[in-house]
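Heads up, the next two complexes both have chain A, just with different partners, chain B and then chain C.
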Partner chain A sequence: MPDFMARPLDSAKASAPPWMQDYLRAGRGRWQTSSMPTRKTEQWKYTGLQALQSTYAPADDGVVQLAEAGVELPRFGGFRLVFVNGHFAAEHSDKDLPEGVRIVRFAEADNTQAERIRQYLGRAVGRDQVLFTALNDASLAEGVFLDIQAGAHIEQPLHVVWVSGNQGEAFSVNQRLLVLCGENSRASVIENFCGARGEQQSFTNGVTELLLEAGATLNHYRLHLEEGRALHIGRAHARLATQATLNSFHLALGSALKRVDLVVDHCGRGAHSEVNGVYLPRGKEHVDYHTCIEHRVPDCTSNEIFRGIIGDEATAVFNGRIHIHRDAQKTRAQLSNRNLLTSVNAEVNTKPELEIYADDVQCAHGATVAQLDEMSLHYLRSRGVSRADAQVMLSFGFINEVIDTVRCDALRDYLQAFLTRRFARDPALTGGVS
Partner chain B sequence: MSQEHIDEAISREYAAGFVSDIESDTLPPGLDEDVIRFISARKGEPDWLLEWRLEAYRGWQQMTEPKWAHVHYPPIDLNAVSYYSSPKSMKDGPKSLDEVDPELLAMYEKLGIPLHEQEMLAGVAVDAVFDSVSVATTFRGKLAEAGVIFCPISEAVHSHPELVRKYLGTVVPRKDNFYAALNSAVFSDGSFVYIPKGVRCPMELSTYFRINEAKTGQFERTLIIADEGSHVSYLEGCTAPMRDENQLHAAVVELVALDRAQIKYSTVQNWYPGDAQGRGGIYNFVTKRGVAHRDSKISWTQVETGSAVTWKYPSCILRGDNSVGEFYSVALTNNFQQADTGTKMIHLGKNTRSTIISKGISAGHSSNAYRGLVRMSPKAAGARNYTQCDSLLIGDRCAAHTFPYIESRNPSAVVEHEATTSKVSDDQLYLCQQRGLDAEKAVSMIVNGFCKEVFKELPMEFAVEAGKLLEVSLEGSVG
Partner chain C sequence: MLDIENLHASVNGTDILKGLNLSVKPGEVHAIMGPNGSGKSTLGHVLAGRPGYTVTAGKVTFLGQDLLELETEERARLGLFLAFQYPVEIPGVSNMEFLKAAVDAQRERRGEKPIDAVSFMKTARETCKAVDLDPVFLKRGVNEGFSGGEKKRNELLQMMMLQPRLGILDETDSGLDIDALQVVARGVNSMRSPDRAFVMVTHYQRLLDFIEPDFVHVLAGGRIVRSGDKSLALELEARGYAWLEEEVA
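On to the complex of A and B.
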């Protein structure tokens, strides 16, 4: 591995508390001994990493004027935590935590808290992960632990904003979010990755671990709103115990390189997950979602819907795997991936996969790649809607069916308004002006 | 290659201490350029073909065995394979059906294969005046009348060198993949078909093939060219189980459908799948591909029930505008069989269409994977694909997988893929049993229904046999 990450990692090492050093060392060791995937690596067949390999500086902790940088900090009610370039931004963050949840930044954990973090960290992603998870381990200091107590019902969302600001040279941020949902707790977590306007090059490696204990329900939203040269390679792993429910929603606008791996591990009977998402790359952007739904035990259900609109010269990659382990009987798993291509130079590569080792299961997946339906366009036009408006309506409607699954009203309203504005002015999302 | 070289090559087997009798012309195991020179010389091939083989061999040496398929088997020692063996004399076969493995005969019986065909399949030495020979001659006459060329490829190299040279390796290039390269270097024999312009082949080439089946060896090579506006239906294999001592089979099939031509290629594969404990069985690593020119159509239909390990992706390159590709497949695995099979539809021309219907059935401890690729190139405006792959699981120790790759680079192309996996429902079983069918019959009936969409694409008499074949192959998987 050419160590283009040496500087950020050295800096992370210097700032990390002593209890974390062995994680850093192990992670860095695995990162250095991993080799960079190529197009021959099945998991990276359609996503090249050329854009990634420059040298990165550690992120600045200088004050970034968010408004000047064009960063919007929306509010969805509830509690908000803001990190700029990986550093905690107290001035933008809320102080009053709702009851039933503790938030601990890894760097500030006391002994008891550190012990609790060590107890749960890596439970979902596994300890022996290579490559980007190892890289994340090698730079844990900016991690955040959301500890939701058993039985707590937190009505308002917990909103974590990760901002990539401006800085002179290309920089890298490694973020870790560890969420523990205690037994029978209910909560919503919104992760919002956003970037500054302009041509700042940055590389974010964000790893999210969601641990749902028995009967817990978590609504998890992960929004990737960085654009331009803000590269993101991220990972979200959820581990569901008995009767736990995960409802998750993902949105990715494109950037030069965006790759997100989602893994949902059904480890306890009766667990249920919903994993939905939307991706909207345009220009020369690249978005890659790799999802993996693991059914390890009987009686679990999962439902996954991903939709994308790919315009201009953009590329989208979707890989949706459903893995039903031996004896995971009575599993029901569904996956649907639909894509609209709006330009002759756009590209989509999709691969829904089923890997099934139990017989009493019901699994289905479907994938389509197409364009707006001429008949529907015709129908709208025959009722006096202009072609351009009809295209906006149909293409927005196409993704809005997924946005509608967002359970947090404030977030759904925000997304609908935000995307409506975008669809109104961007032919890449609506199939041009033909 | 001169006679001295041949003699030298043969005599080496003694040097290696290999015991063989001179008349049988069997090379010692192992592969090098001399072996290829020997094969080529033995067949009296022209220089260009020898060079072609050598080039393939040199490419093959740089290649590594593919590992991506969802199958597991111990490494194959390709140096333990003998790459040339002249066809076995009929005299070595059993003298009558009494000497044939009763298990095999029982299976023939179940499949309803006529007695004289049983003898032929089991390799029983038969009289020269055996019925089918005269039948074959009649067929040959009819084909010649239509101008159809249908002969072993080794014969075509001499009788129609211009055609062979023009098309060989154009669909599956010599260095296409590890096993195709190996096949190109050492291919033994296979069929050559040429249908002249505008000719509709007067008969299914299946019938002829079935009674003419010679031991074509483990590296079979087939080349079918349908000239403009012609039409041919070809059937390979048969429902009867074939026993073969060669464990590795690496065949290559190339189809060329010129403008407005139609090729229908049906396969029934029932090689030895190994025993119920997973011992033995054939490794079937096949490369099959067709190129479809303007307004032409290539249709692959396969019923795969045999082989211990199958690795097979009959594909269509839809090069010409408006060309059509079809793939209908039933793959059944039982006991410890493993199959990784599917297709590739490469859409290059405008308004090209493809349909993929794949039915996978897994039983016992087997593993059955569908792996497919649908690629819409930037020029494939208006192209259309529909894929449906369903898996049926019988028993809780088997596995079914689906790996469809969809790559689209054209906004006016439409790709649809659907897959489902389920088991034979208890309700269906109950209903059948309640009407007096035993469990095994009921399952076989349900499985046959599940495969109906594919069976209807088979030539009629084979559709019936294929149904019986599934029934036989599923034996012991229920209850």
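On to the complex of A and C.
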């Protein structure tokens, strides 16, 4: 076993509560018997794991001064929980729980809560052959359970922030989030991964599970704002029961390695999902989104839009799979992936993957790779807008169409302002000259 | 204001303009008519600096500057405005944001600060009203999903907001019903002033019933083959272009 394979197990907390021990054991077993994917593994063809070949120590639970570390913790209203290097940061977290939801930290769960967590944990993600999920299980120590009660309408977002702060050596964090949306409940969950300014070296292995019971609606936002040497391999799995609706939005800035797998499993009739996302790697960064939309039963709809801007020598991967099972008649599924390359050295590998076994379905997909449209640039310039400004407007406009789908006003305003600033000063995103 | 001397231009290696001369003075309205393929739209594109349109000979002076030396945006800031025949749809960029950036670019050239958002919105809404465009279009993507008439009114909106010295209208009348045509004409007429000029490229005499030109030119084979007053337009309406083309040949 290479060093990388052995080391993460050292990170596993011996102090994990007894109820987790069988997860740890099983995860450890699966992790040890798995082999690392290589470029010959189809799922990892365009994403190498060389960046992981260093030693990652368990994260300290020492206090990281977020303000000094240049970490911005935005507020979107609602309830906020903050974790720093995987450890709960009470001083940055809210105390007054909103009504209609129980928020339980794994490390603090009492027997009843632990039993409830055990009832649902792993239900969406499954346990088969998913390497980094095994690692996550094997290292389970902390996590969050958002237990949204049936019928609850929670107006304000539930915001979970995972900060990786600077630490002397390279460190790893295994993050876990479990969301259970009771029948006919409505809620919004924001997952926000961000890092400290400067050269930190971290590896986050994140697993999020979203369980939507009948008639539930969840707006799910997952922001990957870590950069530089902050590596992330993460997955979010959603399981939708009858008439459940998932509206999700994903954003990834680039880093040395970022791989996010999204799985939406339509398990009950009439379920509907929207999965939208934006990725913005530049420099030598890498972002890889693998999405898989499963349609198992009739009458479900799914709509997926991903857009990326790839600059400098960055690389991106988008693999969008739609799998329509034999019984999933009357499915309507759409997928669109568009990419803008702002440099001749930028690269994107995009692949829509349709597997359809039902015969009465409507399914559309498309993928494009392009540069900024010369005629649009000319039109803006013909009104006096400078070339550089026109490039900013067009490239931002390209992703702004997707940002506009964010339903949470406070979050949308934040993202638009944050990205406008970024586009204005970063020619790699706009094809401009620095 | 605008002096075009012996202008030759080509598109994709094909010569379109072949020695065009035109002089426009402040306060004047010129109409340029001509058969399909004569180079009418090319003239507008060349003046606006559209990529792919190559000037092979000739000289264009605009407000004392060598126009062909200037970047597209510099021409616009100097006061040249081309109303496109086919305005470009740009989803994701709001019409309002675009308009404000354009207005601010003009102000910057004059050494002024960006316009404050409140005054801008007020002016933009009033101008919308003047061109009979629902202000809700300000929030939409630039020309995104606009009908043909809405696009033309949006061009007019931009022109009225930017108050150029020279407005070039490239077949702004095409595809407009009579009501929309009157709206456009009213807008243009309201902007006529002693220090502003217009060049209207059109197929039809109809537009000239509403915006009365001082001069009418006929463009054929890449050159202006005849110039006159508005009676020339009526003659063309009655006789077509063939007689002129024959005369020139």
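Operating definition for what follows: the second predicted complex is superposed on the first by the 423 of 434 C-alpha atoms of A that agree within 3 Å, B and C clash if a C-alpha of one lies under 4 Å from a C-alpha of the other, contacts with A are read in each partner's own complex, and residues count from 1 in each chain.
To be clear about the criterion, contacts are C-beta pairs under 8 Å (C-beta built on N, C-alpha and C of every residue); 3 or more make two chains touch, one makes a residue touch a chain.
Remember, it's a predicted structure, so these values are computed and weren't measured experimentally.
Asker: Of the two partner chains, chain B (first) and chain C (second), which one does A:344 touch, if any: first, second, both, or neither?
Answerer: first
Asker: Examine A:365 and indicate which partner it touches, taking first as chain B and second as chain C; both and neither are also allowed.
Answerer: A:365: touches chain B, not chain C.
Asker: For A:389 in the superposed arrangement: first (chain B), second (chain C), both or neither?
Answerer: A:389 sits against chain C, while chain B stays out of touch.
Asker: Return the chain, chain B or chain C, that is in touch with more residues of chain A.
Answerer: B
Asker: Just to be sure I read the superposition right, which of the two partners does A:76 touch: chain B = first, chain C = second, or both, or neither?
Answerer: After superposition on chain A, A:76 lies in contact with neither partner.
Asker: Pick one for A:374: touches chain B only (first), chain C only (second), both, or neither.
Answerer: Touch status of A:374: second partner only.
Asker: Just chain B (first), just chain C (second), both, or neither: which does A:357 touch?
Answerer: first
Asker: Which partner does A:401 contact after superposing on A: first (chain B), second (chain C), both, neither?
Answerer: Touch partner of A:401: chain C, not chain B.
Asker: Provide the residue numbers of chain B that touch chain A in the complex, in ascending order.
Answerer: Touch list, chain B to chain A: 68, 376, 378, 391, 393-423.
Asker: Report the residues of chain C in contact with chain A in the complex, numbered from low to high.
Answerer: Per the touch definition, chain C meets chain A at residues 48-51, 71-73, 75-77, 81-82, 84, 87-88, 90-93, 97-98, 101-102, 105-106, 109, 141-142, 158, 162.
Asker: Spell out the part of chain A that touches chain C in their complex, as residue ranges.
Answerer: 374-376, 378-387, 389-390, 393-394, 396-401
Asker: Please name which positions on chain A make contact with chain B in the complex.
Answerer: My answer: residues 42, 46, 326-327, 329, 339, 341-371, 431.
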